[in-house]
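Working notes, beginning with the structure itself.
Chains: A, B, C and D, in written order; residue numbering restarts at 1 for each.
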């Protein structure tokens, strides 16, 4: 700690992110999820349990809302009072949106959650003291608290079952908050491999567990500042910009928005964009056939 | 030449005031009213300061120093810490954000002010103090005490003044 | 009626107050044991919670805060009237403060000490609580100064230590009285040490006056900042029902309100137990009651303003939270809170109840019940009806572990307060003397204008 | 292991025909030419066989082995991640034509099958009500003893679907003991549809090209959830949704209880239970009316199915029938699927036939319904399970025909309808041997329980029933050492090893060359190297390559489809009249994760919410809100569902996606055994099923049970993920939907 450091780097410590800020380089991890492809099958969620050592809490604790599914599949119905859901259901995989301006980060008293240089909202388990303020301030409620000490709880990881635990991922004890990490352990491996080869991570070098499992390939994960990446292309095609709280295409036509009467609407949107957390996950609207 | 202490106790404040005024007017060798006289009272009498003459209080300077030091320390400590350890963005806010730092600066301003004020009080009031040679528990009850120290020679003059102003009791330090 | 009789002998003041320090009656020990038993319950609950994890308190992933935070705010609020009122009234030379400020300040200190425990109890990993302290360390790891929780910690620390200093500095002359009147023993030693050799000399009084005034000046903005920072825990967040501009003044008003109600409660108890009728007189009670009434109306206004702004605003999420408070599972508590906070105090509007001790005792307890519910109604409904409908959860009900710890906190407060009353004079003797003296001077002035016959001129 | 056994073989005189039979290649009448193998992560030295694992055991470095998922019969190819000798995670094998690197939740949970703490670890011999651990030696001796003097027809072998070399060995073993009683039983297999397909298309399971269809009309085929090969279909579905040139595929689902696929449909149509066939004929009628040319006999067959009647029978509106006909006519090719909801009735075959007829009328056969590739080795092709086999066997058991009963990979005590009284009948068999991973309900009834290696410890070959592209044989190989290794002659063993040991009791000479199942498999594969694409590679190289790829791709032949629209024998009954005593149709639903209940002890699956109700860890009774209001039922009420054959009690869940005259209870829960994660959670609807059979195939009609529902006056909190807002978004923009005419899809990447 030194005051001279503070004064020397004054401008660096006084900018607001992501609006009017320099973008992340060389990595900004982001996702896009096509809800038209998503079938709500839960494979991603189970894959997440397998990859990230999530505790199975059991019926009683689940009833008390202590479930640990970092990725949860939400199922919505039409709300127009029809007798039968004859347009099917709406599925939405919801996990940490890795906000660029995350509401959870500012409120943590010990700085256990931070914005990493590659645009992930990190969670430092051994720093966390369990004030749960982050979850209180999360609009998506996608943080999960270790209400009990699952490693020592009966039948969570009994003998043999514990051999499945992924050694690349910490097993969390009681009293710490956890959440989706964008499979940071996989990202780290990919970055290290790329570094050893003197290059940047290519698109496809790293897949998140949910993405890898997804039977309909609804989930895409990649580097949003790499023009070669699928995620970049999707965000571009959908005209969704990371640092906007309202996309230009969603504004009135006079402000550059897309007319719904014209060639059609683009499907990309982000949940609760208007709250300005600048989430890193873009969803593509589910489509329903109009001719039937 | 040795000095002796005398403690006179009064129950009537006006009489005590009169005695003090007379002592201040007195010019006896071996007794300087400004230095050698201490008025003790069970309550805070603002009048005492008036008739004892202008005696400065320096506590407020401690207060000023403490408050400023606290505030500055807070701001630079916090901003410095943020610029080093927390050179990471949080919630999209600047690494050194002003509103939170001002809140903490404000709190430390007060904290420094209060702490140093109390320190100043102890220094200025000379606390913790050694107990004076003559003391009566009556002083903490309902009586005004005037403690003087004077040469042996002057003590009889003083005693006379006390008696004149209806001192209830005059205690005398045992001779040496 | 006068606040105090001017003809109380100063020596009697000493004896009356010092008598309250004498060996307690049997009832004292009974209450003390009950208080300790209550603490025992809380400690048991906490040990269980510590071993098992926070889950036993029955909060959940969308409803992460519960009674601990609500009760934390309650105790912080309770702390407000003591020191803040004492400081304001001191600056304003309101003499009627003098017989009551000591126990009120003690109340402040002990409520803060109770509130502080809830911070620890609330944490998932209380054994790592020191991570939240800004201690210098080799790795340059610091807490997050951006977090309102850290401001809280800082504000409470400042407030607690300043309140203790304020209480202590104001008590030094009384400690000297105790020292002078005690038989040799542990008490004598204690008072001798704590009174720092105070003899009431002109130099001591002169510096004392400036110091006391200065601290009082600092304490007023400090107290206001403390509760507005607690309000920031909510107002600085983004959640519907919390993100409300009027929260800081609303919290401060609520704090003063519950503090005043607590002062009335303790006033009545001390007056009865220690037979302080001469000092804690009904006119003083009446003044406190009127003040409380005024604050109750301020609180009611701010409360209504909060509803009104939410209702009038465009934020549907906040509006939903409000509707849910009034109609959902929390409705009974929410309406009770409004009743206790805004309707019950109307009794104090009537003159004949302003000095009716049984009525006031009941009212003061109801007011605090209302204020406790208010805190719970701030914390809980936002969690069960926040932004994200998927996670809405109305079934969250605090477990007995939470209730046990909340219950025990009252025992803790009672214990601290009762020990204080027996160790330190709960009425400021020297200041009551000042009050009597000022009263007699006033009488003297009247006398000088020829209205009253000669009395003991200038007598103490 | 080295190639010694093969060398040894080469020096032996042998009868080629018999040898082929021993190793499973009989029926390969022609010499097969090799076909090119796709590259499986070539150059990744970490993809190797576990046989040489020790060389690759580097702490903190993961190695990957290819194998085959055994969680269901779809035969997805998987890649296991192994670190420090422990398998950690299963991923899809990207070179698989079936799953293309993807997995479902069920597949992901495969590791929990392997690491399950409730696995059987030693052979257990019944002594009274408990099991006594014995050695394998003793177990084998006991089997030999019990089989001694027993006639072949007195021996029954009950198994789930089998294929590959295990089927070969099993067949040869049964042959050796003279038994022809191999009952292949799967509780929820699409057996009726298979039979109907055989009639309509000439093959039991053609290839369905969902990705090539512009409209998919599915009659209760939950192809995204639990039907046939869901991971494969899910990928096709994703392509189908993307469509060609931005023309997105349209999915219409017809069923009485919404499945996962139904929840993804553009139009979900609720039909009166059992009237699927009527609707299919109605659509044909409507197509004819809309100008589609129908052959004379078809037109005659659907003559009576005018819109008004069909609408009245099925509950689907006339406009909707017209719309379906219009879109089917306008957008070709389409694809019509008959699934489990259509086949589960006494007239299930007729339903399926009517639905298949629609496909034929639409000219989809040959376009979106294509001939599937077939593995040219009949001894290895999968024997698919069905429920008719169970019926036959149950009758045999009831008649006391069987003295020795073997049971493998199936749990009939749990899955047989209560009306069959299977458990009681099973007790009549003299000596019951169960090959089991866990002490499930059936194993608990056995006299001898033989513990099996998990699918991640065992060797094997498997031929998927549903061939995605070309024919393929899947290799299953151990991903790690056995967890419960063979100590003191106890411990788990692979099914192949056991069969080999048993067959050696009878035909020692034929099999003595094979020390274990691995040696047998290796010899078998190498023996037919040429046909398996080995070319001129030496044995060692070819074997290692095969193991590293985990898939043997074959240029398999395809059976030609005989797609002739035939209406012969097509007759559909009128919808059943309302039964006053049992007014509701019970639909036992199949959850993608729990299926018939064999995976219920995998906690990830228990805690993985049902996609539609989000309920975990328990059973529920789905009931339409309208019906619930009629009966005064609210969510969480414990209701008693009673039919002719008993009743069960479970929590009610108000579910809009079900016909008001039906209730649905998911299968898979309600175990009385199967370990800590399964036992005591939920109820088992199999128990109350009536024994009604499809008239044509004799398959159990799962949807034919009629029940009544009554409250018992208890209420619980339903444990589910959904909050108390239910499936509402409360006006927030969370999960958004757009109509296809409002959206621009062509510019998407």
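Here is the rule we go by: contacts are C-beta pairs under 8 Å (C-beta built on N, C-alpha and C of every residue); 3 or more make two chains touch, one makes a residue touch a chain.
Note that this is a predicted model, so its numbers are computed, not measured.
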| item | value |
| --- | --- |
| Contact-richer chain pair [A-B vs C-D] | A-B |
| Chain whose Cα mean lies nearest the overall Cα mean | A |
| Between subunit B and subunit A, distance of the C-alpha-averaged centres to the nearest whole Å | 63 |
| Whole-Å gap between the CA centroids of subunit C and subunit D | 68 |
| Centre distance in Å when subunit B and subunit C are each reduced to the mean of their C-alpha atoms | 30 |
| Mean-CA-position distance for subunit C and subunit A (Å) | 44 |
| Sequence positions of subunit D contacting 2 or more other chains | 717, 721-722, 728-729, 732, 734 |
| Sequence positions of subunit A contacting 2 or more other chains | 1, 67, 72, 74, 103, 106-107, 111, 272 |
| Contacts with 2+ other chains: residues of subunit B | 77, 81-82, 84-86, 90-91, 93 |
| Chain contact graph, described as a line, ring, star, complete graph or other shape | other |
| Subunit D-touching residues of subunit C, taken from the complex the two chains share | 62, 316-317, 320, 387-395 |
| Subunit C-touching residues of subunit B, taken from the complex the two chains share | 11-15, 38-46, 48-49, 52, 55, 57, 59-60, 63, 67, 77-78, 81-82, 84-86, 90-91, 93, 97, 100-101, 103-104, 106-108, 110-111, 113-115, 117-118, 120-122, 124-132, 135, 137, 139-145, 147 |
| Subunit D residues touching subunit A - in the complex, by the definition given at the top | 60, 83-84, 86-92, 99, 101-109, 111-112, 115-117, 119, 224-225, 230-231, 234-235, 237-238, 241-242, 248, 250, 252-253, 258, 260-270, 323-324, 326-327, 483, 592-593, 603-609, 611-612, 614, 616-618, 626, 656-657, 676-677, 681, 717, 719, 721-722, 726-729, 732-745, 747-749 |
| Footprint of subunit C on subunit D - complex, ascending | 717, 721-725, 728-732, 734 |
| Residues of subunit A defined as touching subunit C within the complex | 1, 61, 64-67, 72, 74, 94, 103, 106-111, 127-133, 135-137, 139-141, 143-149, 174-177, 272, 275 |
